[in-house]
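Each of the two complexes below includes subunit A, the first together with subunit B, the second together with subunit C.
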Partner chain A sequence: MTTTIIKTTTRLLAPLILVFGSYIILHGHLTPGGGFQGGAVFASGLILLIVANVRDKVQKLFEKTPLTQLESLGALGFLGIGLLGLMSYTFLKNAIANSGFLFGGTTPQGINPGYLNTGGTLSYLNIFVGTKVLAGLTSIVLIFFLILRRERDEW
Partner chain B sequence: MRKALGLFAFLAFVLFLFAATISLRPFGEPPHAEMDSYFIEHAQEEASANNVVTSVVFDYRGFDTLGEATVLFTAVSGVLMALRHYGGKEK
Partner chain C sequence: MIEHLPALMVALPLFGAFIAPLFKKHYKGVSIWAIFITGISVVLSLLLMKEVVTNGIIMYVFGADKPTLVLPSGYAVPIRIMFEVDAMGAFMAISATLMSFVGAIYSYSHVKKDTGLEKYYALLMLLEAGILGMVLTGDLFNLFVFLEIAGIAGSALVGFRNYRGEASEAGIKYLMVSSVASLMVLFAVGIFYGQYGNLNLAYIAKNVSFNMVDMIALGLLFASFAMKCGAVPMHYWVPDAYTEVPAGINPPLLVATYASLYALFRVSFTLFANVVIDLARVGWIMSILGVLTMFIGVTMALIQKDVKRLMSYHAISQTGYMLLGVGVGLTVLHDPSKLAEFGRDAMAGGVFHIINHIIYKSLLLMTAGALFYVTGTRNLNEMGGLARKMPITTISFMVGAAAISGLPPFNGFASKFLIYETSYRLNPLLTVFAMVTSVLTLASFVKVFASAFLGPPLEKFENKREVPKPMIVAMLILAALCILFGLFPNVVLDKLVYPAVDALINFAQYHSWGGLA
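Our next item is the complex of A and B:
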């Protein structure tokens, strides 16, 4: 599936999809979406990059990419942020909100334009879940791609 | 005989559905709204987020999200464990 049309379209679309996925993950506490949805969008961009290239190129590119490690990092980060809440009150308590730390700004009450530096642990959890989802979905599609393309080469 | 029995069961089920539909409450007036109102009024100060849905999913019910993430983790590790042998390094 590596015709010139698909390659050119991918070259135009993939950066936009990746940026849009990062936007959904980072703005999860302000706009619709969040870690799961943004991670799926980001993974679809990476999958487009995978299926629009030949097998050797993909294998060389993703050999050094720590997808499994990113997945584990997301899961452990989620647990770590949850334990951080244990420090103040209960598991997964929003300990960073209104504390002045990074992402710890105070949200004005009522209608406001939405500030990125708010959300407390919500932003961290969004980022960790997004990392986990994008690494997981991409690694599943990558392993199927490698298997199918190898069998086609053998035919 | 079996057809008549089936028709009777179908009619009874339709009647049950109609009764359930008629006894529904009007749209937008749930019987217990205390928790919803609490989330809507306190999400901005407690969870410090404009998006109330995200504050419910990741803060008030974060444990549920932890379970969802674990489901995805288990699925991915199962697929990779079963298929890593075939997709691996050899060309």
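Our next item is the complex of A and C:
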């Protein structure tokens, strides 16, 4: 399924999709979307790269990619951010907001163009959810892809 | 730190589950990790029970400044997700953590030869997290979420031995049942949200008006939870799932089933407690469902040749006792004199039977797993004379069989006796069915004992020996609990069961978030 048209289109589109996915994750606390949506978009970029390539190359590349570890990292990070709230508040309390830390900027009131350095734990949660979703969705499709291609080779 | 216990109860198994895949091929490491995490959660659940018994209902509001900040200033309705732990929830939490711990110990050697164990233990701990979330939460939508977590983790575990076709089939079946049940729950939750604009259990319970739409929601919730706890017209998934799951997962899977039973009680006692007239009718439905469940389950069990399948049908039958006991209590919930006379004891019998049944049925399924581990078959006709080869398994089996048949001095007797005595006061016919079921149970376990353990030693089992130590330890823990609970039922009743029953009866306490609003 790899023709020149698909390869060329992928080469143009995949970087755009990946950047757009990262944008949705990082802007999750300001604009519609967030960790899950951005992660899904990012994963669709990776999936495009998978299906537009031959099986051997994909397998070789993804053997070295730590998808399982990324998934665990995403979940553990989410849990860790949740536990951060236990320090003098409750689980999942936004403890970073207004603290001046990264993403801890003070949220201005009223109409504004949107400041990236706000949101507190929300932005971190978005990043971790995004990591988990992109790793999870990619590995699901990867497994389907590898199984499907193997059977086609055997036909 | 003690006020954060409800959050930690769920966070700890989740932490364990997410660390587990990082072990990769170090199967020994990951099994010890699972035993460690589940062991700590047992301690946490005991602390939680102690805290609940001394201080009453524990509230935990997620994301608030304080765990007890139910209504933030200026709000008349709760806006955050909260955990509401009463004695009933803590009781179920103890069962869940204890059984996951025993299951993890047992799995150490039982699944040693399988691959993909890091995922197995991750799913085991996810299942535990799902059950704990279900029994601790005070939010309807949250209940649905944890129901899904437990359902998906459970179905993956049921289909864990995917090189067997039957296991995959059972896994898919369990997945279908779980997803149908949770979708019905979601629909009912949507009905409540549409009407009352809130998802908090206590808030909805205070405002429920029991109009036509609420009746539909009650029907949906009742049917879906009855489906997931294996009550009779919807019991078809139980034998397949319990038979095919690795024996180490049987204990947590049993608790997952009874977490749905807990949700059924929660819905009928807490959510619709203010509906005075129709509650007796719901109670009767529950009792009759219980009698049907126990009788049909046991008659199906009598004809089975597969040892685990036979025990699975008994699991269905024993669920009937719990439904009967608590159903009798529900019938007389709004009749104070009858409630004091026998209703409370009936519910105590039903709730006590939950933990008793979890203990002895896990024990029995584990002995069946041990038989399978040694002989490689589950067919009773091919076994025989194993008592000499596997003495400890034999003793554990005898303890479990005596307990499930309700012989004194084992724990099954204590709870069944309470149920007989009290259901007799409501209607003697209920008791007759319960006792006949008990006799038939004994009959079928005598059959298993005779065909698997007694008889002349068979040549093909010449050089078989007892199962490895971790499996023995797991079985002996449960056998000891069977005997202890049977010898000192009053201690267990006073410390664990009656607080749980009173928590269900005093629904006003639950509705006011333990007096915080």
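Methods note: the second predicted complex is superposed on the first by the 155 of 155 C-alpha atoms of A that agree within 3 Å, B and C clash if a C-alpha of one lies under 4 Å from a C-alpha of the other, contacts with A are read in each partner's own complex, and residues count from 1 in each chain.
Here is the rule we go by: contacts are C-beta pairs under 8 Å (C-beta built on N, C-alpha and C of every residue); 3 or more make two chains touch, one makes a residue touch a chain.
This is a predicted model, so every value here is computed, not measured.
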item	value
Touched partner set for A:30, first subunit B, second subunit C, both or neither	first
Dominant contact partner of subunit A by residue count, subunit C or subunit B	B
Which superposed partner A:69 touches (first subunit B, second subunit C, both, neither)	second
First, second, both or neither for A:2, with subunit B first and subunit C second	neither
A:82 touches, of subunit B and subunit C: first, second, both or neither?	both
Touching partner for A:109 - first (subunit B), second (subunit C), both, neither	first
Touching partner for A:119 - first (subunit B), second (subunit C), both, neither	first
Touched partner set for A:91, first subunit B, second subunit C, both or neither	both
Those residues of subunit A which subunit B touches in one complex and subunit C touches in the other	68, 71, 75, 79, 82, 91-92, 94
Interface residues, subunit B side, partner subunit A - complex	44-51, 53-55, 57-59, 62-63, 65-66, 68-70, 72-73, 75-76, 79-80, 83-84, 86-87, 91
Subunit C residues within the subunit A interface of the complex	1, 4, 7, 11, 14-15, 18-19, 21-22, 60-67
Contact footprint of subunit C on subunit A as seen in their complex	68-69, 71-72, 75-76, 79, 82-83, 85-86, 89-94
Subunit A to subunit B touching residues, read off their complex	28-32, 34-36, 68, 71, 74-75, 78-79, 82, 91-92, 94, 97-98, 104-110, 112, 114, 118-122, 125-126, 129, 132-133, 136-137, 139-140, 142-144, 146-147, 150
